[in-house]
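Alright, structures below, take your time with them.
What follows is a pair of complexes built around chain A, which joins chain B in one and chain C in the other.
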Partner chain A sequence: MSNARKLSMKNRYSALTRDLDWTPTYVDPKAVFPFTSFEGIKIHDWSKWEDPFRLTVDSYYKYQAEKDKRLYAVLDGFAQSQGHLSLTDARYLNAMKLFIQGVTPLEYAAHRHFAFLSRYYDGPGPRFAAQCQSVDELRHTQTEVHTLSNYNKYYGGMHNWPEQFDRVWYLSVPKSYFEDAMSAGPFEFLIAISFSFEYLLTNLLFVPFMSGASFNGDLPTMTFGFSAQSDESRHMTLGLEAIKFLLEQDEANVPIVQAWIDKWFWRGYRLVALIAQMLDYMLPRKVMSWKESFELYFEEQMLGGLFPDLEFYGITKPRHVEQAIGEKDLLSHQVYWALYQFSFAAGFTTTVPEDDHLDWLSANYPDTFDKYFRPLWDKAKKVQDEGGRVFFRGLPQLCQVCQIPMLFTEPGDPMRLAQRQVVHNGERYDFCSDGCQWIFEREPEKYVQAWLPVHQIYQGNCGGPSVPEVLAWYGLQDGDAGEYAGSVDQQNWERWHDHAGKADVEAPVEAEVRA
Partner chain B sequence: MSTPTTPAKVRMVGLDLQENDDSRAIVEAIEEDNEGVAVSRMPGLVRVQCPQRLVINQASVERHLGRPWETQEFQLSIVSYFGHINDWDDDQVVVAWDH
Partner chain C sequence: MSVKAIGSYDFPSRSRQELYGDDQLVHVWWRNNPFMSAAGTFRAPKAMPWSDFRAALLDPWAGTDPDFDPAAPGSWTLDGQPITPTDDQTLEQLGVGHKSLISFAA
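Coming up: the complex of A and B.
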C-alpha cells in the first residue's frame, strides 16, 4: 500500500519459497527423492503445484506467533479464574478425555510424518507446505496438552494418554488409521490425511468438538480449537491442491487416486464413528445431531459440492458411500451403546442419558431411536435404578481393518449384526462391513499384521489374563473408567457446586482431588 | 440452520469464521461484494455462504474495520471453508468451485 517497493504476495512467494529450490547435478535426483515413484504416480512438472496461501517463512511465523499469543492469554485467564467450574457439567469432559487420548497423539504423528515429507517430495511447493504443516501439528500437540492440563489437575482420565494411545482397545482405532497412512507411500499419505481426513471429513471431526466446547462452557478448548482450525484450513487446502495436482499431472494417476479415495473415505468414515457418539451422547448441551452434521458437512458440502468438481477429472463418489448414508440414523446410537457396556475398561465414563436427553434423541432420530434404541436405555436405566449396571462380560470381537468392535448392522437391517469373513493363507479374518472387507482384500499382507487389542490380551501381551491386570497395564486409576453416576468426577463436581448450580465458595484444591 | 433456497445445480461455497470483531467486518464486506449471501450462526462460529463464488476484497474489509488489513490476516479468522481457494492475493481472497 504505502511502500511501493514492497513485493506482492505472488512475487514474495516465488522468491522466498520456490526460488530456494535447486536441481541436483552431482547426485542422481532419484537418489535424493527415492520414495516418489514406487506408488505408480506420475509427476511431470512439480512447478505446477499451487499454494493459494502463498506462504513464506516470515509470514508463517508472524501469524503463528499471533495465534499463540491469543490462545495463551485465554489459558492464563481460565486457570486464574477457576474456569473449569463454569462447565455445563463434569460429564462434558468425557469428550475431552477422548480428545486428548485419541486426537492429540494423531497431531504428533502428523508432525512427524509431515517433517519426513518436507524432506522427500521432489518439488519445493509441497515440501514447504509439508514443513509448515509439520510445525503446525507440533503446535497443536503442545497447545492441546497445555489446554487440557488445566482439567487434568482436577479430573480423571487425562493423566496417561500417551501410553494409553499405544495400549487401550478403542484408541487402536485412531492409532491404526494413522499408522496405515504413515506406512503407505508419500502420495497415498496425502490422500489419506490431507484429503480424506483434513478436507473430506474435517468438519465432521473438529468443528463438533469446538462448537461443543463453546456451548458447554469450555473456553480454553474452544480457543485452542479455533486456533488449530485456522491452520486446518491451510491443511484442507493442501489436501485439495494435492488431489488436483495428481489428477492434472497424468491421466494414469486417476485410477490410483480413485482407489485411495475409496479406501480412505471408508477408513475415515469408520474413525468418525467415535465423533458421532460424542456429538449425540457426550455433550450435556447439544450443538447439532450427528445426522444433521453428516447431512450438512458431508452430503451437502462434499457430495453436493466437491465431488461434482472432481467429476471433471473422472473421479466418482467414494465406494460404499451409500452404506455410510444408510447408517446415519444408527451410527451414534450403536457406538455409544457399545461404549456404555465397555466403559469399565476405558479412560472415560458413560451413563444412561437423562430423560430430556432421550427425548432430544427421539426428536432428532424419529425413524430409529424409539424403535431400536430407547428400549435399550429404558432397560439399562431400570437396572441402574435397582443398583446394578449393564457391563458387557467378556471381550468384543474387533474388525481386522478399522479395529472397532463388531457392533455395526447389516445395511437395511438394524436388527442383524453385520459380519464379513475372509480366509487368507488359511487364517480367518473378520470385518464389520463391506467397506473394511474391501480394504483388506486390496492389501491383505498389510492388515494381517494389525495389532488388535483383544487378540493381544488373549495372547498374554497386556499385563495378564484378568480384567484388573489389563486395566493396570492400561494405567487406569480409580475414577477414570466405568459409570459416571457416583464417579470421583461426579462427586467432586457436586461438592464444588451448591444446589443452585453455582460454584461453591469452597475452592477445589488440586491435591485433594487425586487423593 | 437455515439454508438458502437456490436453483438446482448451483453449488454453494462458504466460510466458517470465528465469531469475533474482525470477522464481523469481513462478513459485512462479503455481504456487500457478493450476490445471494446467507449468514448463519453456530456456537462460536459464523458461517457465510453464497452460490458458486465468494470474494473478499481487502479495500472493503479495511473500510468496515476502519484500519489497514492485510489479506493474510484472514488466517486469524478462518476456521473452515467449502469450495476451493481459487486466489489469495494482496487485494482479494476468492473461494470458488473450479469445474
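Coming up: the complex of A and C.
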C-alpha cells in the first residue's frame, strides 16, 4: 500500500462517474433510453457534455453536510432566542407563507424529476448532473421546511402547505407550471427548468425572497439562502451548459430549442408575477422595486448579456418579451390588487398599504401608480375606514394556460383587461395574453386537460358548492386568510411587543403558541 | 402544431360542458372599471332568465364595487358582439354558450 497514489480530482471524477457507464449490447439501447428521441432532438456525441462542477458523490456529501451544520446552528439559536420577535413585522411572513406554499413544493417536484432524468439520459455526464441536482432539490425542500417550521409555531398560513399546493387556486399557478415541464420530454424539461427557470429567471424568483429576508430580520431564511446559493449557481451553470450542448450537437435542434425558450420564457414570466407583488407589497422593509429588479436582472443581465451570446447559435430573444417589458410598471400592482380582493380564500393575509408605502410606490412608479392604482387603494381604504372590507364577490375567470385570474391588461391600455378566446374542437378557451394563447395553440391537446380551480369548484370537486366548504377543503384555519389588520397574527404580534414596538421579553410568548 | 408524445395523445377537456349538466360556465366582465380586479366566472342554468341572472349573480358580483348602481350597466356585449338583453330571455335564447363572455360598461 505504501506506493498507492491518490488520483487527481479530474481522474477521480472520471473514474467515479463516466467510467461507470457502459454501452448495452444484448438489449437495444433505445429500449434502455426510450424517451430521448421523440422530441426530435438529435444528439451525436454525449461525451461532449461538460459538467459544470466536477464533483464526486463523496466530496458532494461532505461539502453539503458542512453547510447543513452551519444552517442548523443558526436555526437553533434563532428559535432559542425568540428571534421571530425581531422581524420587522408579522406582515413580513406573508412572503414566507407564499414561499413555503408555492416554492418549496417546486423544489420537491424538481427533486423527483431530476431523479427520473438521472436514469433516462443516454449520456453519463447529464445523468450524473441530474443526480446531483436531484439530491440538491431534496435537501432544499428539507432545509426550507426546517427553516420555516419555527415560524409555524407562532403564525398562521404555514401548517398545511403540501395539501394546499394541490388544492388552492393561486397555487395551481406554480403547480401547473411545473407539471407542464414534468410531462414534457427530457430535453424540454431541461430548457424549461434548468435554462428558463434556473438561469433566465432565477434572480427574479429566488433572490427577492432571500434579500427580503435579510432586510426584514429573517436570519434563518437568509442563512438558508446562503446555504443554497452555491447549489443554485451550479444549477444555473447546468442550465447554460444544457442549452449550449443541445445547440452545438445539431443545427436541427435550434428551432426546437427556440420554440421552447419562447414557451418557457412566457410561462416563467407569468409565474414570477407572484414574486413581483411580493417585492412591492409584502415586504415591510423594501429591497428594491419589481421594476428595478426586472430591469437589472432580466433586461440588463439576460437580454443585454446572455442573448447576444446565444445569437451565435441562431437563437433570438424570447417571443412576447416586448409585452413583458411593457408591463413592468403595472404587473405588481395589478396582481396585488387581485390578491387583496381574493385573500378571503388564500393562505396569507393582505391589507391596504400604509401611507408611506403608497408614497414609496408613487416614487418608484411615477408614470403609473398615482394615475391608475392609488385611486383604487384610496377607495378600498375608505371602505375599510367605514368598517367594511372589499372582497371580490364571486370567483375569477382564469387563464387556461397560466391559471392566473384574468387580471392583466391590453398592451398599451392599462384601463382595459386583456381577453383572448380560442375555439378548439367546439369549446371556448380563455387566455390572459397573446403569450398564453400562443402556448395553447402550439399544444391544445395538453392544455385542454388543465385542472382549473374555479371550474373544479363549480363541478363540485372541491369540498362543496359554498365558499366556506371550499375553504375547509383547502384546510384553511381561522387567521390564515383575509385581512391582516385585526388578524390573529397581527393581534399576537401586538401582544408580544410593547408600545415602543420593541419585543417584550417578559410577555408569555409560549402561552400564545397556536393550537 | 400538436403535442409530441411517446404514444397517442388524446384527452377530453377537463372543463367540457357535459360536466355541468344543464348548467354552463358564464364569464362576466365590467369593461371600464379597474376597481374590479378581474373578470368573473359563474355556473348558471342555460334556462336562467336574464332578470334572474342579473339579480342572483351579476349584480351581487358587481357590488364588489361599493359605487355600483344596478341601473347603470349598458353597452352589453356577448363574446364581443353587441346585444340588447330583455328580462325574460333565457341565457340560451340570448345565445350565451358554455364559457361565453358577457360584458358591459357602467
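In this text, the second predicted complex is superposed on the first by the 497 of 515 C-alpha atoms of A that agree within 3 Å, B and C clash if a C-alpha of one lies under 4 Å from a C-alpha of the other, contacts with A are read in each partner's own complex, and residues count from 1 in each chain.
Following the convention adopted for this analysis, contacts are C-beta pairs under 8 Å (C-beta built on N, C-alpha and C of every residue); 3 or more make two chains touch, one makes a residue touch a chain.
On a predicted model such as this, the values are computed, not experimentally measured, just so you know.
Asker: For the overlay on chain A, clash or fit between chain B and chain C?
Answerer: Taken together on chain A, chain C would fit alongside chain B, as the superposition shows.
Asker: Taking the superposition on A as described, I'd like to know which of chain B and chain C A:Q459 touches: first, second, both or neither.
Answerer: second
Asker: Here's one for you: vertex at chain A, rays to chain B and chain C, all C-alpha centres; what's the angle to the nearest 10 degrees?
Answerer: The angle comes out at 150 degrees.
Asker: Have a look at where A:N11 lands relative to chain B and chain C in the superposition and call it first, second, both or neither.
Answerer: After superposing on A, A:N11 lies clear of both chain B and chain C.
Asker: Once chain A of both complexes is superposed, is A:S81 in touch with chain B (first), chain C (second), both, or neither?
Answerer: neither
Asker: Classify the contacts of A:Q334 with the two partner chains as first (chain B alone), second (chain C alone), both, or neither.
Answerer: A:Q334: touches chain C, not chain B.
Asker: Quick check on the superposed pair: does A:L376 touch chain B, chain C, both, or neither? Answer first, second, both or neither.
Answerer: second
Asker: Give one of first, second, both or neither to describe whether A:S233 is in contact with chain B, with chain C, with both, or with none.
Answerer: After superposing on A, A:S233 lies in contact with chain B but is clear of chain C.
Asker: Could you tell me if A:F391 is touching chain B, chain C, both of them or neither one (first, second, both, neither)?
Answerer: The second partner, chain C, only.
Asker: Please state the minimum Cα-Cα separation between chain B and chain C in the superposed model, rounded to the nearest whole Å.
Answerer: In the combined three-chain model, chain B comes within 31 Å of chain C at the C-alpha level.
Asker: Need the overlap of the two footprints on chain A, from chain B and from chain C, as residue ranges.
Answerer: Common to the two interfaces on chain A: nothing.
Asker: Okay, in this complex, where on chain A does chain B touch?
Answerer: 1, 8-10, 52-54, 59, 63, 66-67, 70, 202-203, 206-207, 210-215, 222, 226, 229-230, 232-234, 236-237, 240, 244, 287-288, 292, 296, 300-302, 304-306, 308-309, 311-312
Asker: Which part of chain C faces chain A closely enough to touch in the complex?
Answerer: 1-6, 9-17, 19-20, 25, 27-29, 31-32, 34-43, 57, 60-61, 63-64, 66, 79, 97-101
Asker: Contact residues on chain A for chain C in the complex?
Answerer: Contacts found on chain A: 34-35, 38-40, 185, 334, 337-338, 340-342, 372, 376, 379, 383, 388, 390-398, 405-407, 414-417, 419, 421, 425, 427-430, 441-446, 448-452, 454-456, 458-459.
Asker: Give every residue of chain B touching chain A within the complex, in rising order.
Answerer: 1, 3, 11-13, 16, 18, 42-45, 68, 71-73, 75-90, 97-99
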